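Each of the next two complexes has chain A plus one other chain: chain B in the first, chain C in the second.
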Partner chain A sequence: MVLPQILLNGVLLGGLYGLMALGMALVWGVLNIVNLSHGALIMLGGYAVYFLFTVTGLDPFAALPVAMAAMFAFGYLLQRRLLNLVVRSALLNTLLITFGLDVVLTYLAQLAFTADFRTINPTYSGANFAVAGLTVPVVRLAAFGIAIALAATLWFVLARSPLGRAIRATSQNLTAARLYGVDPGSLYAVTFGIGAALAGAAGGLYGMVSNLTPYIGAELTAKSFVIAIIGGLSNPFNVILGGVFVGVAESLAALYLGPTFTNVVGFGLLVGILVVRPSPSIRAA
Partner chain B sequence: MSGEELLTVGALHAGYGAAPVLFGVDLAVREGEIVSLVGSNGAGKTTLLRAISRTIPARGVLRFAGEDLLPLSPEGAFSRGLVQVPEGRQLFGRMSVEENLAMGAHRRRDGRVKASFERVYALFPKLAERRRQLAGNMSGGEQQMCAMARALMADPRLLVVDEMSLGLAPVIVDLLLAVLRDIRAQGVTVLLVEQDVFAAFEVADRAYVMETGRVVREGPVTELAHDPAVRDAYLGAAE
Partner chain C sequence: MMNKKTSIAAAIAVALLASVPLFGSDVVVQFGIDALSMATLAQAWNLMGGFTGYPSFGNSVFYGLGAYGTAIAMTKFGMPFGVGLAAGVAAATSCAALVGLPILRLRGPYFAIATLGVNGAMAEIVSNLRIAGADVGLVLPLTRNDASFYELSLALLVFCTGCVAWAATSRFGMGLVAIREDEAAASTMGVNATLYKVAAFVLAAAFTAVAGGIHAYWSTFIDPASAFDSTLNVRMVIMCVFGGPGTVFGPVVGSFILSAIYEVLAAQISTAAALLFGVVIVVAVIFMPKGLADLVQQAPGVGWRYFVRNIRENGI
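Moving on, here comes the complex of A and B:
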């Protein structure tokens, strides 16, 4: 029963990976910003949930919406005050400014939170149940469910709501969107805010299944980048699917090759996919 | 049939940075009229439209329904009912026809958006058939219809149509001209900017002829069509 268990673990972890990449794919697709500080936003979301849990005693799952709201506000202001300066400019500018932001956020977090490892540890964190001989960890299952629910919500907002229509219209034709009364500055800020809120949710869940330090951002940015490319930028469910794909591949690599090979496999997949099936996945928001 | 002056342009100067393009343009559109603005490439038509829609700075008189337009932003002019059908259509290519039309009504908060959908689908039955189709996959004529319908969804008082006939077959242009008459019959005033003088004169009540940043002729199209200067320059000598 080792292989089915490994696959289950990979799928559950992959859902969380997908959620991590969701905000990055949204911002990339609509604003054409490859946000290198996305992992740092995930990290901040993790700390937000951690402190809500340890200081106020709020249940970490109940703290998720609070952290998401805070991260939305933070992302909105970040875009409004800073990133709107580089939106739709050369890719290098956006890479430079978001890389700088990543460094600033990481070391501010180190200053504020110290470099200690922290885990969000509610009483039920070790709970699990058995189904058909497989062990299902409760927290990971919940994280997976939340990832799917948030992807579905995002899909609904983009495809069916007036806000989503305006977001898609602006990414397709800025001139026409302005002509019909869309204010791109605030629309971009709302979009980035949504991306940051999704990162915040991912961070809170990550803190429940793994360790938080101020330095987790870089690796999570890289992972999100890979998954955003594999899943494409246009459909939230494909991003989750991309996350599951990477999660399963990593779990299998850990089983057959050893745990040190997980990142090799993740990026190896990216290279392989770009060679076999280039461009359609990275075009079009 | 023409009433109060809806759009007033007086001694308007505008340009790009240090390069002036318009040198004192005078133009008026009265409520219920179809007015045409014609002129060759580089005459300043598009610059005039940009000044009117407040996307470039301008000096002079610019009034819409009695209100000074000059201090307004493009959104401000738009929300007062001054709506453009841009040159090149500028559709949202990967959105359906229906979604494109919905974007036209993006800023409307009144409860009559549904009625507007019915109204534009009645004007453009073709769009009603294709409402689920992606705008980018339609023919040029259908795209122009979609662009005009989207502008009507904004519930305009003045519809400014830029280069409507560009690149379209004559039979399609005739159809669109007929729709302009219907639009006017529904109480929307129209300013039609055209290089195709034949098309413009077919539907307009009055016209302005621009050359190098100035209005050089103006009057009812019935008179302008017989004006020797206009005939030589735009209509050709053939009788």
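Moving on, here comes the complex of A and C:
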């Protein structure tokens, strides 16, 4: 039963990976910013949930919406006050400024929270149940479910709500959207806020299944980037699928090649996919 | 591009830099070796990222191959340093040509992430190679002669900058700029885009590999994590873009300034140094998105309105 268990672990972890990439794909598709500080936003969300849990005693899953609201406000202000100043600049410049932000957030977190390893450890964190001979960890299953639910919510907002129409219109044609009364400055801020809120949720869940340190951002950014490209930027469910794909591939690599290879597999897949299919349909949310 | 005045100024600057080991302390010379090799890396990155418009995050592969080529030739085959460097350059340039052919078909962020992937894969391959010391690393013969490492690094930087200066005015460099501005149009006008791109990639790989080889011999120890360090590649990009991508002297001046800022910050307030470095990058991108070179050319005429104009052009 090793292989089915490994596959199950990969799928559950992959849902969380997909949630990590969701916010990055949204911001990339709409604002055309490859946000290298996305992993740092995930990290901040993780700490928000951690402190809500340890200081106020709130259940981590109940703390998730609070952390998401806080991260939305943070992302909104970041875009409104800072990134809107450079949003139409060359790609290399937005890469650089978000890298600079990543450095700033990482080291602010180090000053504020120290470099200690932390884990969000509710009483049920080790709980699991058996289905058909497979062990299903409760927290990971819940994380997977939340990832799907958030992707569905995002899909619904984008496809059905007036806000979603404005976001899609702006990503397709900025000038035309402006003519129809969309204020791109605030719309970009709202979009980035949503991206940050999704990152916050991913961070809270990540803190329950793994360790939080101020330095996890860079690796999570790279992972989100890979998944965003594999899943494309157009459909939230495809991003989750991309995450599951990477999660399963990593688990299989750990089983057959050894754990040192897990991080390379994602990149290897990516380079292969890019070279075989150089221009995936990517723009537009 | 290179008129008489700039040539003279450059010659004076090189002479001044060359005399640093005569009166500088050990600390200054060691800082100089790092700063000079960083400037070389930024300048080599400039060939691909600045002139050709392909943001490579795989230049650290060539740095690592240069370092490992040198280290393996010296420790496993007892070759002298010069032969080691040549081996490193041979490894890096053949890798650049082999890898460049498929991935130079990708553009923008796709190219960037593919090169990042190559870096990760190469680090993994090397850390599983017995001859490269696997993930333990290699120890090179010990030498303590900072002054000659300094002069060697300076010579490499001068040679690299000379090549870029030549490229900027030559048919080759014009072709690269044409590819950056509009690759399809450049091909239509008779630029062999594939050949030009691979040639620029190989040239950048050669300089990067020599810098890697020199650093390996100087620091006398390499392992996969330090040789294939993707944050090193990010530093190349920052230094080049801060100075002015696609210009001859921008990357050199930019990396000297940033290296100095970082060194001073690290000495004064060690904990907040990286934090302030991040702030410098953010502020620089907002106020001078085209780099120092553009600031120096444009700002004297228009003053502070230069910054307002940048924000108006790039903001929303």
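Here is the rule we go by: the second predicted complex is superposed on the first by the 281 of 285 C-alpha atoms of A that agree within 3 Å, B and C clash if a C-alpha of one lies under 4 Å from a C-alpha of the other, contacts with A are read in each partner's own complex, and residues count from 1 in each chain.
By definition in this document, contacts are C-beta pairs under 8 Å (C-beta built on N, C-alpha and C of every residue); 3 or more make two chains touch, one makes a residue touch a chain.
Everything numeric in this text was worked out from a predicted model, so none of it was measured.
By the touch criterion stated above, A:Tyr256 is placed in contact with neither chain B nor chain C.
With both structures placed on the common chain, the touch criterion links A:Phe156 to neither chain B nor chain C. In the superposed pair of complexes, A:Leu270 makes contact with chain C only, with no contact to chain B. When the shared chain is aligned, chain B comes close enough to touch A:Gln172, but chain C does not.
In the superposition on chain A, A:Ile229 contacts chain C only, with no contact to chain B.
After superposition on the shared chain, chain A has more residues touched by C, the comparison being chain B against chain C.
With both structures placed on the common chain, the touch criterion links A:Gly181 to chain B but leaves chain C unconnected.
Every residue of chain B that touches chain A in the complex is listed here, in rising order: 74-75, 78-79, 84, 86, 90-95, 99, 102-104, 106-107, 150, 154. Residues of chain C that touch chain A in their complex: 49, 55, 102-103, 105-106, 108-110, 112-114, 116-118, 120-121, 124, 127, 231, 234, 237-238, 241, 245, 271-272, 274-275, 277-282, 285-286, 289, 311, 313-316. Partner chain B is touched in their complex by these residues of chain A: 162, 165-166, 168-169, 172-173, 175-183, 284.
Every residue of chain A that touches chain C in the complex is listed here, in rising order: 34, 82, 84-93, 95-97, 99-104, 106-108, 111, 184-185, 188, 218, 222, 225-226, 229, 260-261, 263-264, 267-268, 270-271, 274-275, 278-279.
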